[in-house]
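What follows is a pair of complexes built around chain A, which joins chain B in one and chain C in the other.
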Partner chain A sequence: MARNSDASAPVLDVQGLHVAFRGEAGLLKAVDGLDLRVEPGEVLGIVGESGSGKSVSMLSITDLIKKENRDTSGTASFLGRDLVARDLLKMGKEELGRIRGKDIGFVFQNPMSSLNPTMRIGAQIAEGMLHHGEATRADVKEKVVALLDKVGIREPEKRYIAYPHELSGGMRQRVMIAMALSCNPKLLIADEPTTALDVTVEKQILELMMKMKDELGLSIIMITHNLPVALNYCDGILVMYAGKVMETGTALDLVSHPGHPYTKALFSSNLELGRRGTRVEPIKGNIPALTHLPSGCRFHPRCPMATDKCRNEVPPAMQSAGLSDHLTFCHYPL
Partner chain B sequence: MSDFILEATDIRKTFGKGDRAVKAVDGISVRIRRGKTLGILGESGSGKSTLGRCILRLIEPDGGTIKFDGKTVSGIPQSQFRPNRRNMQMIFQNPFSSLNPKMSIGEAIEDPMRIWKIGDKESRRKRVTELLDMVGINPRRSAAYPYEFSGGQQQRINIARALSLDPKFIVCDEAVSALDVSIQTQIVNLLMDLQKHLGLTYLFISHNLGVVEYLADDVLIMQHGKLVEYAPTEEIFKNPRSEYTRNLIASVPAMPTAAHLQAKEADRIARGKGLASARSAVAG
Partner chain C sequence: MHALVFFSKRLSAIVVSLAAVVTITFYLMHSAPGNFLEMQQVREAMASLDSKGREAQKQYEIEFQKRYALDKPIYVQIGIYLKNAATFKFGPSFTNPNVPIEALVREKFGTTLQIVLIGLILAIVAGVPLGVIAALRKNTVWDYGLMGFSMIGQVIPSFVIAVGLIVIFSVMLGWLPTSGWGQCRHYILPALAIGAAPIATVARYIRSSILETMEQDYIRTAFSKGIPEARVILAHALRNSLIPLITVMGPQFSFMLLGSVLVEQVFRIPGMGSMFVSAAQQRDYPMLVTSTLIFAAAIMLVNLVVDVLYAFLDPRIKLE
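Up next is the complex of A and B:
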């Protein structure tokens, strides 16, 4: 993703990821051939609407969705803190368990449902640290309090013994971030981390994540449906639609010359501030069901420029503006 | 005929008692002109939904008066209020839970007319076809069930049902918040087109500043049940008077420009935190 890629190893390198679910309605192809690289210190945004496969891809490589009825193939090479790259998809339960929550931290959309409502927040954060050997019984409290302080929770000693319901949504998300960072991860996977929050709180949480990234030198994968959020906070961006990548490039590439008609339509149809008095044209049609995916390019039924070729042939990766890492999966890139 | 279809004065609603009392709506007054849209903006817990429900008397306000279409409709028993209901409808946030899963969408849209004993079966069916057409759903699918439609289509069906009694006033409570971004604009445009054609008046409750700025004529901003600012939309966004409003507007992530992103990257490299330096640090 990053410009002038050199030989340095990415933190996460996913190649040819396919995820399908076997169900009554047939085979659901949730992710169909995903490649992505996250460099050290980079924030990679995965942008997409419902059913695009943005969450499923990350939850599948970390084995956080049920295995039964799920077919996963491809490779997901993760560079652990020992600087040895290993394929997450080939790991056994125990080996993955040592990485998940330790080298890879998670923040999800709804902090209330991600936290245990019957457990004090201090104990919840301590649990993971003790499990992964990041703290001992003797020093765990001190470490958790320091962590709460670091993520901007005032009176951390007092909050240490609070229950999740006693905190606001923003404070709960700070607790989630503290928990995700508690074992010094290399990679943070944040799945819609601010979608459930008010805008003023959203900004605080995003800025906290960026600050933590700089201080701790971690990489972040941020899954979001919010294009302005992705463009403002991510270095590289992957635009997904109905299980496939449509376009990938830096935030600057996408803003200065979006290559895919879908990306361009997302820009032009977005109701950000300042659209008053204009007629904003929406993207026509509906998002396809994963059981009835369109042939050829997945976006063709909604694309104003679609031709027979788009209906019949899956588009290859095309370079945009001559940049090897700005790729558009379209027969007719803009 | 009054210019204002709705005039609500000094609406108050408190939940709970004693120490635990929460003033959800604390003396809010609004007036909405016929055919116009009032946007209610606020963060969670600001009381914006409670205000909308008090205005429709879905929640009984503790105090204040409500005039609808020139008549006072507060302080009268629900039985006397009820005839007004066909003129005031509501569209909710979650399009799926707003529909009865066991009713075909045709039945769901026909239901209000059946309850109000409007027309006969045949004329009602005709009206269902007309309404589906109006909201952009193929009328041939009227026998299908809600789960067979996408979220955006379900919200179109909810709009068709809200329109079935030919109302004058609709409260939209976060009506596009649960929809995908590519669908939100479709539904917002549909609501604006219907307003133009049918002369509808909207109370549009939302936390989304971009959407409210796009469609509302006036905006009321609430915080902790109180009014922060109430002005024509352009005024609010161009000359916000309160610190709270300014902060709210400044918090919305803007679509960055290329120049902005270039400057950001240059700044990062200057601070030694650009992507290139991060890579060489690891390689070295």
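Up next is the complex of A and C:
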């Protein structure tokens, strides 16, 4: 399914992605029909509560979660360096291995557990570069030290031989970023990159990611449950709930007029966004078990505006405010 | 500096423990029925003697007791023994009065150590790859076969395996000698007999350790770099899986050292084990205490080495 593409083609184009796990409790539908596009240079935020399928979708297309008992279908067309779009889901282990770490970099949630505790950080960064031919044995140290310096690690020569436990949480995440960017990827997938960090460090890390994006011309998919973070740093936002997309649009449109009651509920449940004097409203109820999903609209059991239609019919994509790139999957968009 | 404090602490603890081992062994030995002079051969010889001969025998016994300080109270005997042991002098044994025990120990302990070390190397060299294979082929015929086999290896005592090996390789196939010592071919069966259970233990341990490690976040990170699975396993999973293995190697070593006592008997190897058994049979007190002391010291030192290795493999651990 290779096709030549022009420069404006999306870096990643996911269509109809379904991910399900076969378990003892039955079929667990983690992702149910996800469509998304990431344009060159775009920062796309995927926002949702835990269990909404945001991480699973990205880890499934790159084959970084268990294959056993996992069914993945759909297409995930990735535009490689050769500007040929290929479907990640049709790739074999080796082909995907040539893309992971080289064309797609990853930053994970907890930098302490995501770094190998018994390997020096220099070696951990160098490993990918050597494998993908971005460096040779002779110049790898020099390149890694330069990279550490670039991501804002002081005394990079000294840190090169440090172990992860000798660094602070923020420094470790900088190391993760250096590792993810070591082969000049086209796409960075950041899975809750600041969730495990102090709030004071959070901003530094996000700023660093944005700086690197501008320098390297990357696209970023930022998976987060933190709505303010997504609104501040992302161009486009995709709100997910229980494996389905609820709403998608630009960050600006979503703030100014959220179309989905769930998006609105996310806004009003957020302390940081709530202004002084306004009530912080938690969303009542819990996210449904993925083995027993509600009929119709997935959000209807928790939606204050739900009708019989919501209970019975899956809502189609509705344009909000006449914008073709602002879609709300709701029978009664706000 | 930390390491220096660590070693001095640990070494003094070892000295105190060894003194306790000696004390306990002395009391146990003396409370066991019979002593060297009462052993059967001596009694029979005495019965055939006339009165003059009996007199001479009595004189000999008194001299014997004096020579080995057996006429003194036990705690004095212990004190004398410990004082000499501090300079690695154990005096002559009852059965071999012309040779100091330390000379015998030097010779025999080397033999035992050779078998045990070969067994240990075998346990790691064979056990680790078997465990890795079982982990990578989890829930397949390979896994079940290897784990079933290792279960058998773990439950059969080493001396039974020793006899089994002799039956197969010496009696039926005639490839290897049933007993003896000195040549390469003499090492094979004893090392296998001693190593069988540790191979099985190591394989099982590595299997579960690898499976646990493969679930860790940093393994996903390694895969996210695009490096091949083989490298992920060897460079990332294996080293982290070896750390818990180190902790079982200490007890495994002790286990093999004690197993050598029986295996040496089966193969008639002139090592510490055989020496220990004959010392116990003949109530040769100095030899018995010294053998016990040497075994205990070896086990304690190996545990110290294990702790040092642990710190070496896991940079998060500091010697304290």
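In the analysis below, the second predicted complex is superposed on the first by the 320 of 334 C-alpha atoms of A that agree within 3 Å, B and C clash if a C-alpha of one lies under 4 Å from a C-alpha of the other, contacts with A are read in each partner's own complex, and residues count from 1 in each chain.
Note that in this section a residue touches a chain if its C-beta (ideal position, glycine included) is under 8 Å from a C-beta of that chain, and two chains touch if they have at least 3 such contacts.
What you see is a predicted model, and the numbers here were worked out from it, not measured in a lab.
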item: Touching partner for A:T307 - first (chain B), second (chain C), both, neither; value: neither
item: A:L64 touches, of chain B and chain C: first, second, both or neither?; value: second
item: Touching partner for A:F108 - first (chain B), second (chain C), both, neither; value: second
item: Touched partner set for A:S50, first chain B, second chain C, both or neither; value: first
item: First, second, both or neither for A:S256, with chain B first and chain C second; value: first
item: Partner chain in contact with A:G97 - chain B first, chain C second, else both or neither; value: second
item: First (chain B), second (chain C), both or neither touched by A:H132; value: second
item: Touch count on chain A, higher of chain B and chain C; value: B
item: Sites on chain C touched by chain A in the complex; value: 216-218, 220-229, 231, 235-236, 239-240, 243, 313-316
item: Complex contacts: residues of chain B adjacent to chain A; value: 43-44, 150-153, 180-186, 188-189, 207-211, 213-214, 233-234, 237, 247-249, 251-258, 261-262, 265, 273, 275-276, 278-283
item: For the chain A and chain B complex, residues of the former touching the latter; value: 2-9, 39-42, 49-50, 169, 198-200, 202-203, 214, 217, 225-229, 231-232, 235, 251-252, 255-256, 265-267, 269-276, 279-284, 286-287, 289
item: Footprint of chain C on chain A - complex, ascending; value: 62, 64-65, 93-94, 96-102, 105-106, 108, 110, 113-119, 127-128, 131-132, 163, 165, 176, 179-180
